[in-house]
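Pasting the structures here.
Each of the next two complexes has chain A plus one other chain: chain B in the first, chain C in the second.
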Partner chain A sequence: MFLQAVYTEFIKIAAKPRSYLGLAAITVLVGVILFAMKIDGLTYISFITAGLEESLLFEGDILNGNLMAFIILQMLIIHIPLLVALVTGDLISGEAAMGSLRMLVTRPVTRTQILMGKFTAGALYTLLIVLWLGFMALGASTWLFGPGDLMVLNSDGLVVLQQGDVLWRYLSGFGVAYLALLTIATLSITLSCFSDNSIGPIVTTMAVIILFTIIGTLDVPVFDVVRPYLFTTHMAAWRSFFEDPVPYDAILQSVIILLAHIGVFLSVALYHFNRKDILS
Partner chain B sequence: MTNAPLVEVEGLTKSYGKFQALHNVYFNVEKGDVFGFLGPNGAGKSTSLRILLGLIRHDGGKVQLFGHPLGTHRSEIMRRVGCIVEKPDFYKYLSARKNLEIFGRMAGADVSRQKLEAMLDFVGLNGRGGDKLAGFSHGMRQRLGLAQALLHEPDLIVLDEPTTGLDPQGIIDMRELILRLSREQGKTVILSSHLLSEIEIIANRMVVINKGRTMQFGAVSELLNANELVVHLEVGRPDQVEAWLRDKGLAVMSRHDAVIALQLSKTELPALNAALVSAGFEVYAIESRRKLEDYFLQLVNQA
Partner chain C sequence: MLTQVLGQDNPEQLVRGVYAKMRSVNSYEADMRIDADIPMLRMQQVEGRLVFKQPDKLQVKSKSLAVLPKQGFADFAKFISDTSAFTAVFSGEEKLGGVLTRMVQVLPGNSRGELILAKLWIDPVRKLVMRSELTYRNSGTVMVDYTYGSQEKYGLPDKLRFSMDVRNMKIPKAMTADLHQKKDKTDKDAKDPNRPAVIEVVLKNYKVILN
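Here is the complex of A and B:
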């Protein structure tokens, strides 16, 4: 019955026009960035490398597919949570607003199965978004700009990664980015359990992300205690795979904190949804 | 266990914060009943039905279906229950057939194309399976609601206000569908409706709820033909008949043209008829069966 719940949830997601907004938005945004960089990319790159050219000699094609993928990810990974929350924040509250939730809850399935079905379908949708982003960022960039070594400017300095050493980093980075987006999806599903309208959980999810990001970036000692435990602090952990050497301990810590958030959010959602009176 | 009622509700209580919605609701539904669920707005009907369907948690009392407590056997029980709670709300962006398939799958029903088409045909939606719900009228949605309630072949069907918003033909069609389910397929039906005439025609047993309490429950025929009947007499010279009745100390309730309504015990009725004829009055009609509307208003006003 759980598989039926997942299947029917995915059918519903697939049939909703808003589900395609995310895919369309990624396609358009990546398209715009690639177009701009194809036309005027060299100016952009020389602006960034201007300060380094006095001490370093750059040879070969710096503006390649790998660098473009990195730039695209840097730019878009901040906006993807909205695209995810747009669908996952609606999974329970949207049905409550529509009235179909009461018909769903009177089926011979437990509420835990209903919620886990929605969570799994939401997780699959998030995966689809990440895969599409990966395909567009890496595939389209490489097709347009060709392969090459990746030059990354980190806070510690400049890292140059050989072309053959990049793909595994992207795959691992996408894995961690997926985990960060799944945390957002779980948060929005949890908020969705508390609401009977579809907009509330989506807006609240974004508000939480903005608040946590501000707390995370504000260099004020009072937030030092909580900062390492905010999920937003670990949303950019995917970037760590592009450092040399790769800080595996820091990445593992980020993964654990993101997983812990998913666990806590899901537990709260299950507790509340199982006790909720369906009045809509 | 086999002789246990299909639905047993005892001492049901529920509050929303400080508001006590149900104080003491009790009723039994037997196998094969078409069970009427009556009460004015805000009486606690919907709350009681939602508790019965596991949509709302009750604070106290016993709720047992098919011999099992709802709290511990919910999924097992709901496999045998089909329902429409208020108006059926479907996924507007999907077709009627896809909606039916989704709710059928979640109920473990056979969702083959053949079965879905047969069900759409049964509720009078043949040929409309591929249409999106956005274009469906209220009556068509009610029919589809009934289809989703029946698809997994439940033993008990709970219909909360299934005729709300339907036109007269829709109401008649829905009534006939319910009667077919009861008579031809032996389904047990719990029917909540504010249309008292519908309950009177369809139901064989009923419960009346008011202010969160059970006022009365039992067989409709017994409740409506209890000792205190409302008798409508259609007579000639109604002014004189009314005066004559009052002289005899009978409780005249009202008079509309030639029809006089009075309260009377069932056993007194033949004697009254004979006395009126002996006194030289023309008696054109005596309607001795108590109307549900009169009975309902009497119960509700008592509370």
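Here is the complex of A and C:
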């Protein structure tokens, strides 16, 4: 019964044109970045390495598929939450707006099963977005630029990772990035339970992300206490897999905090949805 | 007395003797291993093959991204190849790793060149450069320590240790999307970002083609 509910919800997602916006946006954005880098990538790279290149000589292709994939990921991972929230923020409130939520809860499934079905379908959609992003970033970049060692740009310097040491980092990084996006999806589903229109939860989700990002970025002591617990602080945890040595403790902490957020958001959603007076 | 023991009175002749040894090799190839400790750049050990052809054609064949000093490798041999293009003067003696060396300061005749001063620590007996300190107009000073082994007779080192200053990079956080990463300022293991860059190149399995 639960699997049937998940299947039905996923079909509903697949039937909405907006669900393809995310995939299309990723395709276009990656295409634009790859085109720009193919034409002018060396200028972009030399902006960073110019200081070192006064004294050092880099032998080999710095501008390769692995670096391109990294640049694409760090550029897009900030914008992907909007593409996710666009679909998941509509899962409950969209039904309420269309008037089909009332009919949905009259079916012989519990409200918990309905919500968990929507959550699982949303999680699958998020996974699809991450997989497509991974395919476009890594697959298309490697096809266009070829393989090579990865030069990671960190704010405290550069880290060069050898080609054979990169794929597992990408796979692990995508795993943590997925968890971060799933947190966004869960937040928007939770907000969706409180709303009867589609726009509200989507805009509110983005507003929360912007607010938390600003709090996280502002280097003032007053936010030091809350900063480590904001989910936005841990949304870039995927990058940690590209450090040498890998800070596993910090990654584990980020994973725990993201999972805790998912748990809390989901609990609030279940509590509210089970007691919601559905009038439309 | 000491100079007689060391066997050379003329600094230019000494430099010429060093170059003659280097010049006996037309080209060579060797397996190389690069260990780099560079501020703001962390990289793993790189292995590859070094190919050199006189006078200054240097090529690195590696599947990995390799970092080498821009100067102080092949340009040095080219610089000392023309003895009429520089003036050499003795500036003392120093013991390096148990070897008594003569210090020679080499000033290029062309004041507009990139290399403005070379200081060489030469083993006058074996006619080997044990250390060089090359000062460039735009990229500062590169110090190179040489260790010899199997190819000593050709003046080819088994190990080179480059030490130089590199300009620090400023990478905007927006460019790295590293917005929330805050490094622990009290990290005692963190290395000094202003330390000189050190690159160690170990060469083995030489394939030498003589002139």
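Definition applied: the second predicted complex is superposed on the first by the 277 of 280 C-alpha atoms of A that agree within 3 Å, B and C clash if a C-alpha of one lies under 4 Å from a C-alpha of the other, contacts with A are read in each partner's own complex, and residues count from 1 in each chain.
Assume a residue touches a chain if its C-beta (ideal position, glycine included) is under 8 Å from a C-beta of that chain, and two chains touch if they have at least 3 such contacts.
A quick note: this is a predicted structure, and the numbers were derived from the prediction, not measured.
Undergrad: Evaluate whether chain B and chain C can sit on chain A together after superposition, giving fit or clash.
TA: Once chain A is superposed (C-alpha atoms), there is room for both chain B and chain C without a clash.
Undergrad: Quick one: classify A:Ile78 as touching chain B (first), chain C (second), both or neither.
TA: second
Undergrad: Now for A:Leu218: first (chain B), second (chain C), both, or neither, which partner does it touch?
TA: A:Leu218 contacts neither chain B nor chain C.
Undergrad: Identify the partner contact of A:Ser55: answer first if only chain B is touched, second if only chain C is, both if each is, neither if none is.
TA: Second partner only.
Undergrad: What is the angle, as a multiple of 10 degrees, that the CA centres of chain B and chain C span when seen from the CA centre of chain A?
TA: 180
Undergrad: If you stack the two complexes on chain A, which partner ends up touching A:Leu259: first (chain B), second (chain C), both, or neither?
TA: After superposing on A, A:Leu259 lies clear of both chain B and chain C.
Undergrad: Check whether chain B or chain C contacts more residues of chain A in the superposed model.
TA: Between chain B and chain C, the winner on chain A residue contacts is C.
Undergrad: Report the closest approach of chain B and chain C over their C-alpha atoms in the superposed model, as a whole number of Å.
TA: Minimum C-alpha separation, chain B to chain C, in the superposed model is 39 Å.
Undergrad: Considering each complex separately, which residues of chain A are in contact with chain B in the first and with chain C in the second?
TA: No residue sits in both footprints.
Undergrad: Touching residues of chain A toward chain B in the complex: what are they?
TA: 1, 4-5, 7-8, 11-12, 15-17, 98-100, 102-110, 275, 277-279
Undergrad: Which chain C residues qualify as touching chain A in the complex?
TA: 38-44, 46, 48, 60, 62-71, 138-140, 142, 164-169, 171-173, 175-183, 197
Undergrad: Could you please specify the touching residues of chain B with respect to chain A in the complex?
TA: So the residues of chain B touching chain A come out as 16, 50, 53-57, 74-79, 81, 83, 85-94, 98, 102-103, 105-108, 148, 152.
Undergrad: Could you please specify the touching residues of chain A with respect to chain C in the complex?
TA: Against chain C, chain A makes touches at 48-49, 51-62, 74-75, 77-78, 148-149, 151, 153-163, 165, 213, 216-217, 219, 227, 232-234, 236, 239, 244.
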